[in-house]
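What follows is a single structure, and I will ask about it in a moment.
Letters are used for the chains, namely A, B, C, D and E, taken in the order the chains are written, and counting of residues starts over at 1 for each.
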Amino acid sequence: MDKALLEVDGLVVDYGRARALDGADLRVAAGQTVGVVGESGSGKSTLGAAIGRLLPRQARVEAGEVRVAGEPVLDLRPAELRRLRRNRLGFVFQDPIASLDPTMRVGRQLRLVLGREGRGDVAGQLARVGLDAARVASAYPHQLSGGMAQRVAIALAMAASPELLVADEPTASLDAQVREKVLDVVFTLAAGAGTSIVWLSHDLPAVARRCDRVAVMYGGRVVESGPAAAVLGAPAHPYTAALAGSAPAAAAPGVRLRPVPGRPPVLTGPSPGCAFEPRCPFAEERCAVERPAPVRVGEQDALCHRAADLVGELEVVA
Amino acid sequence: MRLLLWWGGRALSSAVTLLGISVLIFAALRLMPGGFAETILGPFATPEQKAELAARYGLDQSVLAQYGHWLAAFGTGDFGTSMISRQPVAAELAARLPVTAQLTLLAVAAAVLAGVPLGVVTAVRARPGGGGGAGRLLSGLGVSVPEFALGSLVVFVVSRYGLQTTGYLLPAAVLSIFAISATARTTRDAVLGVLVEQHITAAVARGETPWFIIRHHILRNAAGPVLTLTATITAYLLGGALIVEYLFNLPGIGSYVVQAVGRRDYAVVQAGVLLAAAVFIVMNVLVDLLVGLVDPRLGRRA
Amino acid sequence: MKKLRLDPLSLAGLACLLLLVLPALGSLVDAAGDPDAIVGPRLQPPGPGWWLGTDNLGRSVLPRVMEGVGTTLLLSSAAVLVTAALSAGFGVLAGYRGGYLNELIMRVVEVLYSFPAIVLAVLVAAVAGPGQLAALASIVLVTIPLMTRLVRAAAVAVAGRDYVTAAVISGARLPRVLGRHVLPNVAGTIAVQGTYALSVGISVEGGLSFLGFGVQPPQASLGVLIRQGGTYMMAAPWLIIGPGAVLVLAILSINVFGDGLRDRFEPRETRSLV
Amino acid sequence: MILELDDVTVSFTTGPPLRRRRLDAVRGISLAVAEGETLGVVGESGSGKTTTSRVALGLQRPTSGTVLFDGRPFPRRRRDLAGRIQAVLQHPHWSLNPRMRVGQSVAEPLAVLGRPAGSLVAEALEQVGLGAGFAERYPHELSGGQRQRVSIARALITRPSFVVLDEAVSALDVSVQAQILNLLKDLQAEFGFSALFISHDLGAVRYVADRIAVMRDGEIVETADAAAFYTAPEHPYSRQLLESL
Amino acid sequence: GGTAAAPGTPGGASADAKAPPGYLALADDKLPAGGALSFAVHIDSGAATGLDPQLADVATSWQLMSLVYETLVTVGPDFAPKPALAESWETPDPKTYVFHLRKGVAFSNGRAMTADDVVGSLKRLLAAKSVWRGQLGPVEKVAKVDAGTVRVTLAEPYTPFLAALANVPAAVLPMKEIEAGSLDPAKAMLGTGPFKVQDHRQDVSWSFVRNEHYWDKGKPAADSLSVTIAPEEAARVAAVQNGSAALASLGNVDSAAMLAGAADVKVATQATTDFYYLMLNSKNPKFADPRVRQAVNMALDRKQIAEVALGGQGRPTGVTPAGLPGACDPATLPSATGGGAAKAKELLAQAGAAGLSFTLSIYATEPAPAVAQVIQQNLQQAGVTVRIEQMDEASWAGKVYGKVPAPFDSALSWFAGYADPGMVTTWWNPDVAGFNQGFMQADKDLNALIARAGATPAGPERDKALAEVCAKVDTDSQMVPLVTRPATIAYRADAVSPSLYATEGYGNLLRLVADARVKRG
């Protein structure tokens, strides 16, 4: 396996009353783009935040490790952590307008970031993300549309040419056309700078189109990961299959949608077995009591006791 | 044009407010027990003396007529004449204003320079074990020592060692203790409100240093309430720091007006109150303007 | 689960406050003696019969301090409650409704502020007799403008939030919208400004009593005791140490407790800057 | 018709006091929603979808034009409509009172009506795929999608006759989205409410909407039956939209 | 504790040990003349009548005006009349006073004082609607005899005449300038006194410089005097402590103890003839019955008031101020010998007023509240409940003097006691006093007694007459004299050597300022 830029190993994160990550593993190689998908509440945002050690105070890391370029993020001293964030990491959040300082013109915010880096000009950075530099630089965040604001946020995150960009649903509040434009910007810039991307998303088709790899999360674990086409086209984990099959866009008119039956788990401690077991049509006895270990199926790694048995059985209803 | 309109509107509403205040204070003064006659002429005054005094200051006219005359004179810049000193009130206020202004300036400067950092530190360190507790105690201590107690102590102790209590530094220091604490506490509250916002997380994620985030992002965002407080403190102090003026025997506006209230020296009280009101109103306008500049979101709403 | 979880410092503040107030309310005051009775020679240092010394009229200081704590805290907190109620009401209404109502309320606040507390105290004293009511009204006047403005500013921010809109859509009436949604979200500001106002209130009470408008003799209040004690600072320091310490302790614990309350009203976690 | 908008224009004045501009957020739009019908509204960002919904909710008085709800103008007292109109607003982040527990938030529309909540809150949370245990949480303890589902539960708890869903499923993963969309359809079949369904996601709109209105730059450029729209869109902008699906 | 005992010591006046009888301190005339003096006092002259001394009716105004204006006669340390602008005088008969004017007296503008100024001033005073006009007595005629002699004729004998003439309102004004209109005495002061005004800012400060034309050569000893007005006691204490003022008037009876440790600061307590009195409003049904008033009077413990409220610096007094020659002995008054609280209870029961409760209206300036609280304690012994109502001076004055009948139960105040025991008794005749008509019933017998005491020449006869007035006032108990009012002065022994009388009649702290020597180096 090629040298990993990001390694998350067995990460367990607890928020007082809930366990958000229950042993999540993720590996991202340099230059790779990884889409992280999964059920709402499965721990995507928590994973994303943990990569930059940006978890809220009440979150506790119970176990596991996060390494970026070999550096143990969770154990760094503050100054080292800041250096790491500055030099290697970039973040884009879901709500674009809220992630810009409302009291400062956009140009000034960019200049603050660039000034620190000592390179690039504001106009250039804005042009890079496809914005009318003159107009946007002198605007306050609340005067921008969501799409424009998100591109500004991307410009801020990419200004330092990070090695790894973590984007948490950066396009959820944007319309289809703007979404495509924003994603184009992100992926073009990343490709140009050799930046790896961890893209937390609900948008399976877009992930399939743009990412090298996909990681599917469920119940605080990455239950399946592998090349995007393979994971979404020929799932190895029953949950992936169910997820891919419930997309409304994929449904024919008049056909009832098929959500994954049952309710997502709310963990308060380690899941005794496979967290998907109660909802899994293929569950056997051991699934409830034995935590699955990663299994290599084809090009994917899956956390499923039955992954090998199910090859060819899972299909995406399209 | 729009600029003129905006200022015009604000000026008009301020003028109406001032007019309302003038009516109220005029009425209140005349409703106060203890007339000018008993107070100013003393118990031994004869009815003739009282009548003469009333005639001299037009106090024998109807209250409405008095108000009319006073207002007309006020419009021409004549604030009336003190019944005690027989001097024009405007001149006396002008003579006392520099005292009050210097005190205010010093105290407010201290409040901002010391209070804001203290507030930021206590907020940023608010989590348990962050050392914010010490700051909280410190800023709590400041508001818990009443001005008159601290002032008496300072005046007494300092003079005991033969040191002069003249000048503005000492009284300004006494005034500022309270102001510093108040500023610190308001700053803390405002900063805590900013810390939960996402753009702060975004800045942290960019690897900015705490100091950088405070300087560039937190201070501006927390400026609204702090500016409001500062303006209010400034207005309070410009209206007269009564106790400190007395303790340090500074001839400022506060003691002048309060003494005048005590003697029912109408013209002085009226002018003093309107001055304080005008200061307060102007400060409010200024703050609205400033806050709008610092935080464009609020400007939009104003 | 309605447990009020506070940090240790705030809890200490609360405990301290209770410790100060409870004896003042209970019958302990009587046990300490008649605060008005002349019990010994003037200006005696602490000793048996007068555990905190005697004052310039030969009264025992201990019962006077105990009475004073009760008077002052009661008076100031009553005043601050009035201020908080008015400020919260006006500020929230002005901030939520905006427009002309906002203008009107803010102008009224300006008028109130501009009215000198002393004049008001004299007027109230004339109508209702001098004493606590006059002091109370003055404290309210002095503390109301700042609090109203800050509450209003906070309410403006809250008024635009979607949860308020959602409540309006649900058909919630004004009192419910203000009471359940706007008010709790500006409660932090009210808590902070309330404790600040309390300090101001105690200061004003002392100042007014000094000018003769506050608490009437022989009733003791901390303001009066400290004011008088101040003039005997050298000859009889016990006159100021007792009430002074109690006052500082009281306001300090109120403030620390108020900060704790404020943090408590903020369920969101602040993030570390590092 | 439960809702009729006729030639509605909404203008805002924006900018600082010194440089005010007038901006028409929506311009001369007309639309109608029949009982039991779902009208999907699509269009680019800033095209006036949210503004239209605010007019439909009676939150925004139109600068010109008329709005009729249930054949009558909006009553002066909103209270009279309590429980009959609900909405899921666009930003999940601010749609829940941070000082109220999830359960309290969901129960609020019932409380407004003075109806007992009973087991309704737990049921509503179950329906949107959240356990009853979530009732005890504060909004900041939820993920983005969970928060949005709480808003949906709150909107549906009174079984309103008209619901506005503004980007109600945008923060949800496909599976939960499907669950919610199914829920909407089921409830609509059961209670027959009308809905204004605003979304960027043409797939989701196709699934729930009976008719579709396309907005662009403050105007409605096309209104059509869902089936017709998806097969043969008339307006060039509509075609452009469908291409990206 | 040692410090605590000090304030209790009567006459804690740590005055000059070397001071002669009648003096608290005597200026050391071996010190060189010249230099600047700075004083701090608590209040400025502040009358609506401006600076006109004839209309001034408060001691603080007299005090400042006495630096500029002088009278024909003045009083010595024993209250005996002493020559001032009149070098000598004679009394050919009890109704006639002939004054021989001092030569070489000039106003500070350099113009010599003439008999016309004297006559004009007195006539102006008699025509003025002022308080002091009443104190001057039944003056019938003022006439110039020659350039150096003035004769005043009274309608009836009036013993306090010279004492009344010795106070500032009877000062000699520059009548020529006043009549010519070049001086408005309400706005500016021009007198024959040791100082002239250089600058005045109302309620802030006065500055005086020596009058180069002053007749008493070698005086004033100091070249200039600045007076700072500092209403707050702490500010005045600070001023003497740090030496920014050489002398300050203090209000706290325990100042001696307060300043005990301060280097070079001396505190002197000057006795005065001023005294506190309690007004029992006899036009109020509560006090209409004289027995009720007597009971209240009887229950008062004047000793305790003096000891506790005034730190032992005051002393019980009857209506004739204790300390003045010829004053009655308060210990012999009916209220003192009547039987105290027990008897008071009995009297109240008889009057059907058992369980009496009333309000005592006071103003906030110390020591009035202290006096009131001791009274409250005293009366509690007799089963009487007193509610103290404290207000600002203006409200208080409005309530007490503003209306007829006056709307209060009882009130506390003080009178200046002046320099003759009979002078203050005039205020017990409401027809003359005027201000107390709202709360005091005129008593013909008392008025007659007061008049007789006024007309009786000084001597045992007059003492007896005064004693009768005392007793009558005491039984009447409408305005009840309580205790004398001490004045406290602190000065820097290293900066000034002042002269101070042991007892003062006109509240004039600055009386002997012309003698004060500045210490330097």
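The rule we apply is simple: contacts are C-beta pairs under 8 Å (C-beta built on N, C-alpha and C of every residue); 3 or more make two chains touch, one makes a residue touch a chain.
Each chain and its UniProt protein: A, D = ABC transporter ATP-binding protein; B, C = ABC transporter permease.
Keep in mind it's a predicted model, so treat the numbers as computed, not measured.
Note on connectivity: the fewest chain-to-chain touch steps from chain D to chain E number 2. Looking at chain A and chain E, the chains that touch each of them are B, C.
By number of C-beta pairs in contact, B-C leads over the other of B-E and B-C. When chain centres are defined as mean Cα coordinates, E lies farthest from chain A.
Work out the mean CA point of chain A and of chain C (ABC transporter permease), and you get 51 Å between them. Chain B (ABC transporter permease) and chain D have centres, each the mean of its CA atoms, that are 49 Å apart.
With centres defined as mean CA coordinates, chain D is found 28 Å away from chain A. Shared interface positions of chain B (ABC transporter permease), i.e. residues touching 2 or more other chains, are given as 32-33, 127, 152, 156, 160, 201, 204, 261, 296, 300. In chain C (ABC transporter permease), the residues touching two or more other chains are 122, 125-126, 210-211, 230-231, 233-234, 268-272, 274. Under the contact definition stated at the top, the residues of chain D that touch 2 or more other chains are 90-91, 136, 140.
Touching chain C (ABC transporter permease) in their complex are the following residues of chain A: 54, 56-58, 78, 81-82.
Those residues of chain E that touch chain B (ABC transporter permease) in the complex are listed here as 40, 46-50, 57-58, 129, 131, 186-187, 201-204, 228, 230-232, 234-235, 237-239, 241-244, 261-263, 392-402, 433-435.
Against chain E, the residues of chain C (ABC transporter permease) that register as touching in their complex are 36-38, 41-45, 56-58, 122, 125-126, 129-130, 210-213, 216-218, 230-236. Chain C (ABC transporter permease) meets chain A in the complex at residues 269-272, 274. Within the complex formed with chain B (ABC transporter permease), the residues of chain A that make contact are 52, 54, 57, 81-87, 89-91, 93, 95, 98-104, 112-113, 116, 140, 142, 153, 156-157, 160.
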